[in-house]
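We just call them A, B, C, D, E and F in the order they show up, numbering each chain from 1.
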Amino acid sequence: MLSARNRLTGEVVEVQTGDVTTEVTIDVNDETVTAVITRESAEDLEIEEGMELTAVVKATDVMVRSD
Amino acid sequence: MLSARNRLTGEVVEVQTGDVTTEVTIDVNDETVTAVITRESAEDLEIEEGMELTAVVKATDVMVRSD
Amino acid sequence: MLSARNRLTGEVVEVQTGDVTTEVTIDVNDETVTAVITRESAEDLEIEEGMELTAVVKATDVMVRSD
Amino acid sequence: MLSARNRLTGEVVEVQTGDVTTEVTIDVNDETVTAVITRESAEDLEIEEGMELTAVVKATDVMVRSD
Amino acid sequence: MLSARNRLTGEVVEVQTGDVTTEVTIDVNDETVTAVITRESAEDLEIEEGMELTAVVKATDVMVRSD
Amino acid sequence: MLSARNRLTGEVVEVQTGDVTTEVTIDVNDETVTAVITRESAEDLEIEEGMELTAVVKATDVMVRSD
């Protein structure tokens, strides 16, 4: 069990592979969630479009905005 | 316009005020998103239960998990 | 499987509980690793001195220093 | 003196240079610690395999996991 | 209104575009502030040398050092 | 030498001590920079109003905003 508070599960809709980092875009209930992870992690998890993936975020990394 | 990629809008369902930090919990499409911000920010934004708030997260702070 | 690259396992040697956040100190091969997580996470994981715990860190959150 | 709580010293075992970021892997007591820093920082510190380097992490960036 | 406490406004003096991330350097009162953001964000904000830009940092991401 | 790109030196104008974390406000060329660090770090650095202190931020933790 991981301490990180936030988990949002969805389907990978785009993978953009760089030399060191990879950008992964996930569709979560019609909202887009974007993660930048290491290319090695993306390869270890065998991330590809269409697979299910959960975005995980530590609560101290979340800001809020009022409109 | 802010560079942070991720924005998730919902309703504040819980506010827990500490001495330096405040924990804000937002219901986003029946998913729970939790933010830890400074107490001063929470006061400046006049955060309270029931108001609409957007969680904002930088893409480099998002991890992913496969099951 | 989580994308975060860094995992360091050790024994909890100190838990300091605050109102919103909790500081957890882990002994990893005689090095001290300190985490600040939400108090709720600490309670959910039932963290207490003497238990084994793994510190997890995203690679983009690691700096380096040369001497 | 820097406020960041966590320092782990070891030997650089791999350097992967990208266009903007560089990934540095350090062997710390047979554990692997991976950092993603800017390429400019890597060049300023003249990071190369075999040199000693200390990984530095702020406590609020450390999560914990129980098994 | 965004909860992030720190805003530093200046002029963009350098833009280094990578495959996934872009490094933006801003001159703030003769101090240099460097941001690594996604290339997509840099394109969406149409960042280029000479434009005015504000660096934004969450307080939990700021360390301090005494000399 | 530390890899973190951003350093902003100024005078401490406010210290707010919590149970686990401490908020430190620094005046940097008439801009306010706010850091949330562990209370232990604040005690180790003997932070108090009027002393000179440098805010340190990793480039991947900096966002940008255009107006």
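The rule is simple: a residue touches a chain if its C-beta (ideal position, glycine included) is under 8 Å from a C-beta of that chain, and two chains touch if they have at least 3 such contacts.
Treat the numbers as computed from the prediction; the structure is a model and nothing was measured.
J.: Determine the set of chains touching chain C that also touch chain F.
T.: B, D
J.: Can you give the shortest number of steps from chain B to chain E, where adjacent chains in the path must touch?
T.: 1
J.: By how many degrees does chain C turn when fitted onto chain D using C-alpha atoms, rounded in steps of 5?
T.: 180
J.: Could you state the distance in Å from the CA-based centre of chain B to that of chain F?
T.: The computed centroid separation for chain B versus chain F comes out at 22 Å.
J.: For chain A and chain B, let me know how many angstrom lie between their CA-based centres, rounded off.
T.: Each chain's C-alpha centroid was found; their separation is 17 Å.
J.: Averaging over Cα atoms per chain, report the distance between chain C and chain E in Å.
T.: Their C-alpha centroids are separated by 29 Å.
J.: Please output the residue numbers of chain C that touch at least 2 other chains, ranges allowed.
T.: Correct list: 1-5, 18-19, 21, 23, 34-38, 40-41, 45, 56, 58-61, 63-66.
J.: Let me know each pair of chains that touch one another.
T.: The list of touching pairs comes to A-B, A-C, A-D, A-E, B-C, B-E, B-F, C-D, C-F, D-E, D-F, E-F.
J.: Going by the contact rule set out above, which residues of chain E touch chain F in the complex?
T.: Touch list, chain E to chain F: 4-8, 23-24, 26, 28-29, 31-37, 41, 45-47, 51-67.
J.: Quick one: which bits of chain F touch chain B in the complex? Just the residue numbers, please.
T.: The touching residues are 16-19, 21-23, 34, 36, 60-61, 63-66.
J.: For chain D, which residues are in contact with chain F within the complex?
T.: 1-5, 35-38, 40-42, 44-45, 56, 58-60
J.: Could you list, by residue number, the parts of chain C that touch chain B in their complex?
T.: Touch residues, chain C against chain B: 1-4, 18-21, 38, 40, 58, 60.
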